[in-house]
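Same chain, two partners: subunit A is paired with subunit B first, then with subunit C.
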Partner chain A sequence: MGKNKVKTSDIHILNLAKLIFGPQAILYKKEDLLAYDCDGFTIERHLPRAVVFPTNTEEVSKIVKYCAENHLPFLARGAGTGLSGGAIPLNNEIIISLVRMKRLLEVDLENRFAVVEPGFVNLKLTNSISDKGYYYAPDPSSQYACTIGGNVAENAGGAHCLKYGVTTNHILGLEVVLPNGDIIEIGRNGIPDSPGYDLLGLLTGSEGTLGIVTKITVRILKNPEAKQTVLAYFDNIEDGSQAVSDIISSGIVPAALEMMDKTAIEGVEAAAFPVGHPKDIEAVLLIEVDGIAAGIDDQIELILAVCRRRNVREVKVARDEAERGRWWANRKTGFGAMGAISPDYLVQDGVIPRSKLPEVLARIHKISEESGLRIANIFHAGDGNLHPLVLFDSRIPGETEKAIQAGSACLKVCADVGGSITGEHGVGIEKKEEMRFVFNEEEIKAQTDIRNVFNPDCLLNAGKLFPTPGRCAEVKRELASKS
Partner chain B sequence: MMSIANTEQKPACTTGGLGNYLWSDPPKENKWADCVHCGLCLEACPTYEQLGQEQHSPRGRVHLIKSVAEGNLFVNEAFADPVFQCLDCRACTTACPASVDVGGLIEEARGQVRQAMALKGWKAMTSKFFLETLFPHHDRLHAAGSLLKFYQKSGMQKLVRKTGLINIMPEHLVEMESIMPEIKTPVRKKYKQEQVIKAKGVTKRQVSILSGCIMDVMFSDINEATINVLTRNGNDVTIPKNQTCCGALHVHAGDREMGRKLAKQNIEAFKDSEKVIVNAAGCGCMLKEYPELFHDDPEWQEKAKEFSAKVEDISKFLYDTGYAPPKAELNTRITYHDACHLAHGQGIREEPRDLLLHIPGVEMVHMPNADRCCGSAGIYNLTNPEMAGAILESKMANVPEDVEMISMGNPGCMLQMAVGVQKYGRNQRIVHTVQLLDWAYQKEEEQGSGQDGEK
Partner chain C sequence: MVATEPIANLTAIIAEEQLEAGGFNDHLLGNNGRITVFPKTEQEIASILKYANEHEMKVNIMGGGTKRGFGGIEESADILLVLEKYKGVIEHSPGDMMVTVKAGTTFQELQNFLAEDEQKIPLDPPLPEASTIGGVIAANDFGPKRLGYGSARDMVIGLRIVYPDGTIIRSGGKTVKNVAGYDMNKLFIGSMGTLGVITDITIKLRPIPKYESVILLSFQDGNLQDIHTFIIHLLDSVMEPTALELLNPALAKKLTGKSAFTIAISFEDVESSVRYQVDYVKQNIVHSANSSILEQSDARNFWDAFANIPPNGHKADSGNETKAALKIGVKNVDVLQIVKESQLLEDSHHLKVEAHGGLGTGLCKVHLAGASDDVVSAIQSLRTITENIGGYAVVTHLPLELRQKIEVWGEKPAHFFLLDGIKAKVDPKRILNNGRFVGGI
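On to the complex of A and B.
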């Protein structure tokens, strides 16, 4: 473990090391930095200048101030599970890792909120309060590892966000270190709405470009009285898609409504958490309803009827909590499971009107055929949030570029049918050019103007979220010419 | 930056070769190609939990191992650190959706490191003493055991403790000394004259046991219990003479050559055995993974595969073959710790719990995070005491207050947990799962109702 022994000629690293406390609180050797050259998006890789591990807000503030005064680019990193490259140090940034700020500071059951540090892992919150009958609703599939700070930055969603809303609907307050080092607090004591502009809303989902979140107050919910989960297998993807639409239009609001196609099923069944899905089906739906016990059985009956009307091959209700857990583990580890059938994947994140599902899937299929790359589809079907996973092998020359093109083409389809290019994974590096599919120059400028109010020197997480050219590109060039 | 790398000396001979891996038997590409960098393994990793640094996480380690192959990194000190801080606990293998064999990659990487540079200082001394001088040699182990026994019985132990001589030993050795189990006669010595230890009653199966190197010296009563439990359930037991240390500690330390040597000896020694029963999870896991050592030697790999198929942990063997649940009551409250190499390494979780729950009067209290490493990890607690201590501390915090015993299936964990009990002022007794079962059988016999009844 060892203490801080910093040996380098880089004066900034020596100075930064003095600002933080704790064992190995700064990394600066190439070998140690390599693990930080990308996040869950592996296509771009850049080494940071250093990684620092503050343990409290004051340390974060001091580091940020130092960076601002010395014109050093910096960015925040949580667990690095982001899928759009948000935590990748494009400009040789100082990475401020928040994983050592991982305490659960307060739980107020009466007023239904909890206060956490940004490095606190999503699933741990539910695990810490479940014995008292409470949970934290946003449940990204990466919840075993991702941090709530990262969730705020990406406005993360999850399977159960169909009924309960995404991260932004559960944030009651934030403490933020601004890009100049000032510490501000928005929303207090679990009371979110203050007069004036909705700053909480603005910061949530800002992808780490407006400030560094150092404390978060979140809403917690009481466990639903009852829960039922259904698996439905379809021989035909159109029937599956239609069943999704029918369920929603029947008036039921399922807690979750997930879908996987044939290639995705092949992946999850080959991986670590198989549940025995038949190999020859075209689509599987995972449907969950929850609420007061009285109405649940009726809802399940209705869902079963809808599925049968849409020619379902087989449909079953989870017998117990253990079976339900296995079904969810199978679904939630779906992205990683692709490792079992492909060396690399690029996951896309489009949103479409539900009614366009069959059309979009057909067009994605065509993209797959044309590119010669397999594309698996895992998605939050209930809210039309599609995750095409482009499978490729980066060791084959040219295949990475092909995958990027195929991914972009998928997003184009989503935008064309009136949807959007990201549901929950953010724009990051990955989709910044695709922003043009949904915004014109003026709209983009309006947004960069807002960023510049918070982040005028563009030192914080530059080169993300908006297509270049923009002011940040200039900074990058300026910095490049200096070094 | 590159200057660090360039100072590395080149090996005298290069037989293997993959990027900057210059020696034979490098980490296998197909193992890291499975990793999609999703990060779902991060929180499972005890070293990441302690340090919060990604080079000390499974994903980070795989990334570094891959970087060496890609030529972006050299096999040097800075690479060795994350690779050797790994506990080899395999929790990442359980967590990983793509089933990446992180443990296997780490062991192969360690093999490269050990060939590239020699160990220095305290670590080198400890490693050399245990791995080369002691464990592979039964006679020396027995001699050491006898010395220990002498140490305990003669009053030397009391003397050392009283005179303060103990204060000049390194801290973790002091902790170890204080929990040293009482040394009894190794089963290999005890049953030296017997070819076969016959089943009590009708013989249903023939099995051999791995008596283990350290196990038979420090924990011969567990071997004794294993034999009792096996014979009690219709198994004739043999203890093949030429068997040796399983080699797990050598392989964990990167000495794959020694690992292969020991593996070959064991494969030969158990040639005629139908089943190889193991009561030490770490050893069992290693025996099951012998084929991994012979990627460059198809003939031995074939033999290793045959051998590995015969290996089974005692708890799973009893569970699978059907055993007679004891009838006598052992009124006690216990908790169960999942040894890493049982739960993560061999996927054995329910079987030992089932055995314990079928002992009348045993009440099992759930231990949160029961499958979290205790920090023992072979001789990791000796080579990386600081990290091991931090991990032990969080383990002990999870041990329920009101239990009398902590049961588990691995001697290394037993020593480490005993240190924990002592260090944090707890009072639990540390027991092996088969010991509890054996005690129940013994009590049953004492009560004179020792009749067979299959489960």
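On to the complex of A and C.
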């Protein structure tokens, strides 16, 4: 029995409290639950029924079994940094917080893998192995806080996935608690291609709708011998966009190729990590090349030549690690930096074929003019992943709705040019209607069919990812019976 | 079920010259069809499947036929759907570094086409001239350069799939990043055609490297401890080999003329970087090894020859020998043990053995030839050894008669109900490549 002193008339909360150990392993009072009514997507808020903090897989399994047997909706949550609302309890869920399952279980340098619990923070993994010259590649901007379990749920990306791929390319094994409470293990000992359908690939990025990941085997990489980072300033956004395509076409695979436009530069320069970008330029590129030192200079020369051909105003190569670090801090805190120039902002996450960059930026500019809202662009230009940041003031009536519409219009543009509505933030609640921009009914059904194999009663994270008619019938019934 | 009349009715949906009675029907590797169909369009593929599904006819899918000996326990299905006429590049956008191609295009044709723009699909599967891109993706095939570039799941960004009921489904798209909905691409890659017919494939490309070299290190005295020491050192260095493949003596003899355990190390980058890495290896070689270096076209020729060593299911195996191939997955460093154990089968089982394994990927391929009983016993022996060290062994080529006796995929995993659940949802009548996959899916 747990040591939790729980005073409530809710029998399920009393029963759940008995399934888990440790102090404060369950939260159920309204004032405690308020912190869990949303994640990084703050526009929609709902209170959970309770939040439980298991410390091991067996506890997760017991909680899930209890929920399944009693038809209680539930969902898993990591650090709550997700940007699309995947951890918001739409159906008064029991939230299973995995932040206490945060151990680094194993590091096998010879075989290049590490095993972590889902609550282990992304950046801590690199920090734990960097003294031996290794790192974990996926680096979402929130990596100082976000958990690897959350990264798996969202298939998180980051600035360096241009060369190294996103989370799914680095997952070698998972232990998963299925929605019925069963524990399964996929991929053993960090060995790839275990026989069967690629459930690792399917679960990664399933936004917590197929199972709860309780153990993760990830690939770790050796640090590259050398890195060089370049800043290039352009007076014309078209030139900047063309430079991106030219660099990629020249046969270089940069580790990162980031871009910010004028409004974004205004934001990052007004915020906590300014680096002195000129205020009057239209675009800045942040380009990083890594690999064998002997080959880097040639690649940097090529990049500089491409930028000059595209009328760059100024290019500079980072002199040392400290300068490189400042440039990256300036970029990685870019979203939050918008707070310095706008009371509120909404982050979008479209992806497009790289060659459509100039066209799409022009159309986003038009959306900004028509809506009367400023839109800053910070993006992973190398892989065509745009992050339009719609700046607005929620105190002005109607402006929040206007911002949401502008964000959705940006996604429509991405879909229209053959792109997609999300590159790394996920669909969650935010973009489930926009799924129709890219998938027809049959394609959505093909996906919900798969969900029903894992999550037939749809108690796990219901109402996410798919447009409304694709929502689980069971939960709708459940909700209807309550109201 | 024998369905003569429905087969005759196929002429209503596809031109008669695209149908062939029997055809490949007498192939010793099985996976045949009583009638062979050669669709030219996606719509034809959809119509055929819809028709087959309505009439509960079984359909086998084939590209170049190189994997006919891979899975499947039936002599013949009702229909053999051959995609060799559904071929060609649909779209190549060099600036976006991606290509969309029809599944029946041979891997080599596609690679030649992309080479005109100094680009390539970063896969090096076996038998590229006969294998189709669709077959490579459906079987998740790969070669030694997987170490540097990853496998199909790392580069396929979009698919069009015809479901068993004829519905056409798109997964992924034409962007290198995409997390809209489930990552359905992953479901079809490696699914052995049991969920749908992959028609169009969109793949992320890489530039052809500006320079490449292969270092061959042969260990004449066969001291595996020396190899181990060297490998651990190299893997812990900042060198970036794109392949690090250990070859057993017979395979090394075939490819290099020297019968000794040999490591083939590939470097691909700008010339200055490749030369630096080659020098690094030379300076750090253990004294018992001899090295030779192949540059540029010599390096490419080496890997071309390497890609043509496995048994080709398209040709019926000749002679009295039974041929088998295995894919074995273990921890990286355990590749040494698997290649060594494979070598021992030469004497213990009187077999011809060609074995190689990626010391940075943990994936080995072993080819056996000899008397049927010896082959079967060797497979069982390798599987036991592999499973004892936490790995798996899949038989990727074997005559039909033996596939009916040996579980080529190994034991069902504990989560088999999920795999079977997926199959049951997507292909409830189990018409597609029935019994070709894990646990008889």
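The criterion applied here is as follows: the second predicted complex is superposed on the first by the 474 of 483 C-alpha atoms of A that agree within 3 Å, B and C clash if a C-alpha of one lies under 4 Å from a C-alpha of the other, contacts with A are read in each partner's own complex, and residues count from 1 in each chain.
FYI, contacts are C-beta pairs under 8 Å (C-beta built on N, C-alpha and C of every residue); 3 or more make two chains touch, one makes a residue touch a chain.
From a predicted model like this one, the values you see are computed outputs, not experimental measurements.
Partners subunit B and subunit C, once the complexes are superposed on subunit A, both fit on it without clashing.
In the superposition on chain A, contact is made by A:Glu154 with subunit C only, not with subunit B.
Of the two partners, subunit B and subunit C, it is C that touches more residues of subunit A.
In the superposed model, subunit B and subunit C sit 140 degrees apart as seen from the Cα centre of subunit A, a figure rounded to the nearest 10.
In the superposition on chain A, A:Asp344 makes contact with subunit B only, not with subunit C. When the shared chain is aligned, subunit C comes close enough to touch A:Asp449, but subunit B does not. Once the two complexes are laid over each other on the shared chain, residue contacts for A:Gly419 go to subunit C alone; subunit B is not touched. Between subunit B and subunit C, the minimal CA-CA distance in the chain A superposition rounds to 20 Å. Subunit C makes touch with subunit A in their complex at residues 93-98, 118, 140, 150-151, 153-154, 163, 167-171, 173-187, 189-191, 195, 206-208, 210, 232, 235-240, 269-270, 272-277, 327, 329-333, 360-363, 390-392, 394, 409-410, 413-416, 418-419, 421-422, 425-426, 437-438.
Remark: subunit A residues 1, 23-24, 27, 29-32, 34-36, 38-40, 42, 51, 53, 79-81, 97, 99-100, 102, 119, 121, 123, 142, 144-146, 271-273, 333-340, 343-345, 395 touch subunit B in the complex. Residues 1-2, 4-5, 33-44, 50-55, 57, 59-60, 63-64, 67, 72-73, 76, 78-79, 82, 94-100, 386-387, 390 of subunit B touch subunit A in their complex.
Residues of subunit A that touch subunit C in their complex: 108-112, 133, 154-155, 157, 161-162, 165-166, 168-169, 184-186, 188-202, 204-206, 222-225, 245, 248-249, 251-253, 291-295, 297-299, 351-355, 380, 383-385, 418-427, 431, 435, 438-439, 442-444, 446-447, 449-454, 465-466.
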